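In this document, chain identifiers A, B, C, D and E correspond to the written order of the chains, with residue numbering beginning at 1 in each.
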Amino acid sequence: MLFLQLLASGIQTGILYALTAAGFALIFGATKIFHVAHGATFIIAGYTYYELHQLGVWWPWATLAAFATAIAFGVAMALYVYRPIQRSEGSFFTVFVAAFGVSISVQSLVQYFFGRGSVTVSTPLTMARETLPDLYLAPILAVSIVVAAVVFACVVLFLDRRNAGLGLRALSENPALLESFGLDSRRLTILAFVIGSALVVPAAIFTAVSIGIQPASGHRVMLISLAATIVGGIGSLRGAALAGLLLGVVENLVITVVDTQWSEAVSFLVLFAFIMFRPHGIFGMAVKK
Amino acid sequence: QSYTLGTLFPMSGPNAEAGAIYSNAVDLALKHLEDDKWLKGKISVKPTDSLGTPQGGAVGMSRLVNVEKVPYALVGFTGVSKAAAPIGDRAKVLMVNGGAVGPDLASLSRYFWNIIPLANQEVEFLIPWLGEQKIKRIATIYVDDPLGQGILSELKKGLPGVGGELVSSYSVTPDLQQFSPIIARLRNDNPEVIYIASPNITQISHIIKQVRDGGLNTQLITYGVANFPSISKLPESDGLIFTSQAADWASSEPTMKRFVDDWRKAYGTEPTTYGLNYYNGALLYGYLLRGLEQAGKPATGANLLEELERVGKYSLAGGEARFRDSTVTTAMQINRIKNGVTEKIK
Amino acid sequence: MSNVLLSMRGVSISFGGLAAVQSVDMDLQEGIVTALAGPNGAGKTTLFNLITGNLPASSGQISLRGKSILGLRPHQIAGMGIARSFQDLRLFTHMTVRDNVLVAIEPSSWLWQPGGRAAQRERMRRVDEALEQTGLAGMADSRAIDLSYAETKFLSLARIIATGSRIWLLDEPASGLDVNSRTRFISLLRDATRRGVTICLIEHNLDVMTEIADRIAFLDRGRKLAEDVPEKVLRDPELISIYFGKSR
Amino acid sequence: MTNVEVGLAPAMAVEQLAAGYKGRNVFEGLSLKLYTNEVLCLIGHNGAGKSTLLKVLFGLLPHNAGVIRFHGREIKPTPSEMAGHGVSYVPEGRGVFPGLTVKENFALALWSAKIQGQDAERRIGEVLEVLPRIKEFWQRRAGQLSGGQQQMVSIGRAMLAEPSILLLDEPSIGLAPKLFQDLLVPIREYQQKRAMSVLLVEQQVGEAFSVSDRVVVMKSGELIFEGVPGDLADEGKLMGMF
Amino acid sequence: MINYLFSILTLVTIYGIAASSLNVLVGYAGIFSVAHAIFFGIGAYTGAQFALLVSPDVVLACLAAAATSGVFSLLLAVPALRVRGEYFVAAALGLQMVGVTVFSEAHALTGGHGGLVGIPPATLFGMDVSSPGAFLLVCALMLALVLYAIRRLMRLSFGRALMSIRDNETAAESFGKNVPKLKTLAMFVGCAFAGVAGTLFAFNLMFVNVESFTFEQSILMLAMVVIGGVGTLSGPLIGAIVLLSLPALLSFIPFIPPTEIGTVQQFIYGALMTLLMIFRPSGIAGKL
């Protein structure tokens, strides 16, 4: 039973990771931008929802607003931070440091306006009940599974049907060539940021509801997303999602065998092991020489 | 004549909530000293941000010592205190900690004093009560730092004496936010009480919420940190028991009453022991300075220390405080949170 | 047959199901220019990669002066005097032109300067000489990324000239060059052969091929179909129909 | 010569054009006309500015002065707009996405030209007729193809849009001579069938001239010669121009 | 005031060494490490333990730390030989996260979260050099030494070989560069210098614990390199000066409410980082 219980909490955690990781993976896969401010998107979405919820706004409106702010932030990053840097041929690390600076600023802004502590949205959805003998499950688990499934289905369908997925892959390989094909690489970049940023919104709301968020949470979100993106294989959306799920489950199950303080490090050991023994990840293509 | 008081609190980062409360307490105390015309001179605060990290602490302390040239500094947080102590010690600055409770803070330096009872004292006080309540099975979630280790070793040492047993202990990293797997295991361990020992306020509130969400109704116990609103105001904290230094908010003792009333008025929140300690820490400075003024001595760290060691006891808010061996000894109490209000149960 | 420097016997490799190179036998003779021709995808570049150790041969034997070099790492093979260029050039884009050449000739596996100052001066002299020959002396201090197309081609050659290697493997070194540059390029290669350098070059341009090659080896679908002096190969009706077309 | 009237109006023209990189103009005051239904061959030494001109025409590079006209109308080209006008551009070098399969490369071009369904199938069929060898590696990743195979794909995908103007930048690089000839013939046929305009930049002068209607020679950013291929049959004269 | 200046300057020199050593990896060898704080930390712990157990001599402690950090650099060299670019960034990230956990669990060596206290004042050949001025002098000398060493190395064939690998590994190989060996060597040199910086850090604070070796620290060092100018000699030092003096300068701004100082500082700090990158993408000392 302990195993099942841990599996359930692993899936719950894993879904949050999967959603954030998929967003990061999509952006990184398509634009080769190491979007370390992804964690900031998460915080912005989470706090938007929380603050509106506190004001008594009906949850669908709050959710919509969270989508709006998250997407607006992501697109603003693409247009006003990453684009100028890339236009002047800034290196990988220039982008990295710039994005990190934004994360720091966003974190302190949120602290300034909304306080530094952790905030939670209380709902009865998170109360666990004994569903099976000795197995305690909260309704939020079912809700998040359904939401994640629907969200992923929508994204995958959109990318496939509209050829957008193909465009994003091409963008990742050579944006200049994309222009030679007569496609607008700027629009595709924005598209990647829109979808990628939108993907974290459900994760942010679930976190606000089930764990609670604080201005400093963004960091960890970013790290896990990054790890999952690599484990899943760069450029693979479903890889990142699966890896996120896997990391969540591993992190939970592993405490049956190791001391609890190691559980977080285990995710990164998994990452390390993947890089050493299967560097192209679960679904990725071989690393190019 | 004017005096300076240095503060070295985390003003940003995950523990900034604490820094804000500490600063408010200091401001309040200085206002009271001023209103009372307690001193000939005026005390001005020199705030520095410790970022809550050792390096921040070292840089901040160095700034307080070398730029602001304060003779007296209020500090907080274990890592910060440990990094700041040698710097203050070298420059002979009297440092007073009102927030960190790691047991190893007792012996940092002659110039480093704690105006807060350290965690081991709190656990010592709790254990007999557990015996009285016939509580046998105790589990703990702790952060493997001096605080957590101190609490853990006190529990291990004390529990057998009252017929109790530490059934399990889970060590976590200070920034862990997800406790569902630990909660799943705790459910299997079936303890009567779970003791939470973390230096990180946010983390404690995460643990409390997630334990309750996990459908676990075990009694939760923690130390004085539960005085922070983000813990005590959490809906899930209902029923939480915690030890703290004795602080009777309804007391009619004038210093205490003035502190409580003015705190509520100025900040619109309930006062906490942390606020109280830093309020007292600033008051103590006033008292020491007054002693020096009367003796006609300059306000240097060495003189302040001498004065503190000479007098050794002051009547601060909450009663008389005795200072010996770098630490204050105060009465302790056990509290329970009920409907968002903290009530004393012992 | 004169002095065979590099010899390949039954060399093969395949990618998945695709046999990119199939049991190729070929000899490179000292001081002789062999042109490697063949349709696109014939396996020419792959053959180079096999020689230089960038790809592992699945079977066959490659030996340099009688000693097998199979299984050696690329840098070891380079150390034995085989220099190559790449179809996509692969310059050290952010280093200066001079450093691009210098780094190619330095034995640099340790923290100190091998051979001391005297050796370094000698190397600098060789670098300057190579730059002079290729006409790049004027832009020795600009970064490789700022060069024009023709200049990058010449830089890629300068790197090889300076190494003093006796065997050069050149992958389409003259493609895209205009008539003038091409002439200059060919004369550089001629100078080298006069010094006894052995060259194997992949080339699609007939003018270049006929002007410089002593022998032409013809590859198609991984197999060597012919190897002979240009006059014969260029008259082979089969090869004309699959490769050279009507131009001559 | 079916459309004589249209034939007189240039499909694309530039007047007094100036463009370059980082504030330095590669050419200034350049004027050139590309008529409908003609293959115009642009030759010149390395670095003359040929590729730069093509990039400006397709909107990949902004011009600093002068005007660009498309069927007489002044425009400020951007790549997507030019693609919409029926202009296709084959860049210098490997113009394919190495990680995508050949099929996907084609799909991308179709997406760009907003061609779907039946129409798409038909056009793919037509291109494969012109370049039958593509079928051999239709499902393979373009990055694994040999240089020449990639070049074929690159040209094939540009023709998918049934362009009215085709800008070709040194298609011969890396191609076997026979293949290049084989490629030029169908391009020429396709061009005549659809009255397409082709601007062909080449170093393989012999082959290029055999399919060209007109030749211009560029030297250091200036057009120093305009005429028909026959004018330059004499190799010495050509060499002198470089 | 002068002592405060000394303490800031000491930090600048220490971080100057750390950032310069990171620059060997990032700027010259193209190894994108985000785990430099771990090697800084290994050096700090080694130096501290050396001072506690063997001798408080700075130079000896630095040597011991350099050797230890250098040897541990193999942990990172192994993935660096297998993967590149973003993959390596992720591997380094994994090492960083696991390293922090190890630091906080290996109580016997690191004192866990409690850290190591009571590090004795630094001496140099038996002389006490723990006063702010003297220690600054020691640090400055070390910095000069490290910068000189890096400058020499990078002007030698070693540096050029590294840069050629950075620009194109396959081509470097076919010009005789033993890529694994060179990368491992570069890693050793970079991490050993980081160890020196760590030791000085330990002596300076007289206290070390894991909080000084977190991911944020690695990023801080990286930011110094990038903001200063990747692959330039003076860049990392400039970056260290900018990033360390910034909070100090900001703390002198008078009109910010005391309780919000930290937050406002952090905001400005982050914003400046971004703006610098947007307007000077190749760093302050970098070529535009």
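Quick note on the criterion: a contact is a pair of C-beta atoms (placed from the backbone, for glycine too) under 8 Å apart; a residue touches a chain by one contact, two chains touch by 3 or more.
Because the structure is a prediction, the values reported are computed rather than measured.
Under the contact definition, chain A and chain E share the contacting chains B. Considering every other chain in turn, none proves to be in contact with both chain C and chain D. Chain centres here are means of the Cα atoms, and by that rule the chain farthest away from chain E is D. On a Cα centroid basis, the chain most remote from chain C in this structure is B. The distance from the centre of chain A to the centre of chain D, with each centre set as the mean of the Cα atoms, comes to 43 Å.
Chain centres here are Cα means. That of chain D falls 52 Å from that of chain E. Rounded to whole angstrom, the centroid-to-centroid distance between chain B and chain D, based on C-alpha atoms, equals 76 Å.
For chain B, the set of residues that touch two or more other chains comprises 12-13, 16, 20, 144, 173. Those residues of chain E in touch with two or more other chains are numbered 101, 104-105, 170, 260, 263, 266. Across the assembly, chain A contributes 108, 111, 261, 264 as residues in contact with two or more other chains.
Going by the touch rule set out above, the chain pairs that meet are A-B, A-D, A-E, B-E, C-D, C-E.
On the side of chain E, the complex with chain A involves touching residues 26, 32, 78-79, 82-91, 93-98, 100-101, 104-105, 169-170, 215, 219, 222-223, 225-227, 230, 260, 263-264, 266-267, 269-275, 277-278, 281-282.
Interface residues of chain A, counted against chain B in their complex, comprise 1-2, 5-6, 9-10, 12-13, 108, 111, 115-118, 120, 122, 126-130, 136, 138, 210-212, 214, 216-217, 220, 251-253, 255-256, 259-261, 263-264. Remark: chain A residues 28, 34, 81, 84-85, 88-109, 111-112, 219, 223, 226-227, 229-230, 234, 261-262, 264-265, 267-269, 271-272, 275-276, 279, 287, 289 touch chain E in the complex.
Across the complex, chain D meets chain C through its residues 44-47, 92, 144-149, 151-152, 170, 173-182, 203-207, 238-239, 242.
Residues of chain B that touch chain E in their complex: 10-13, 16, 19-20, 23-24, 45, 47-49, 51, 53-55, 58-59, 62-63, 65-67, 78-79, 82-83, 85-86, 102, 104, 108, 143-146, 149, 173-174.
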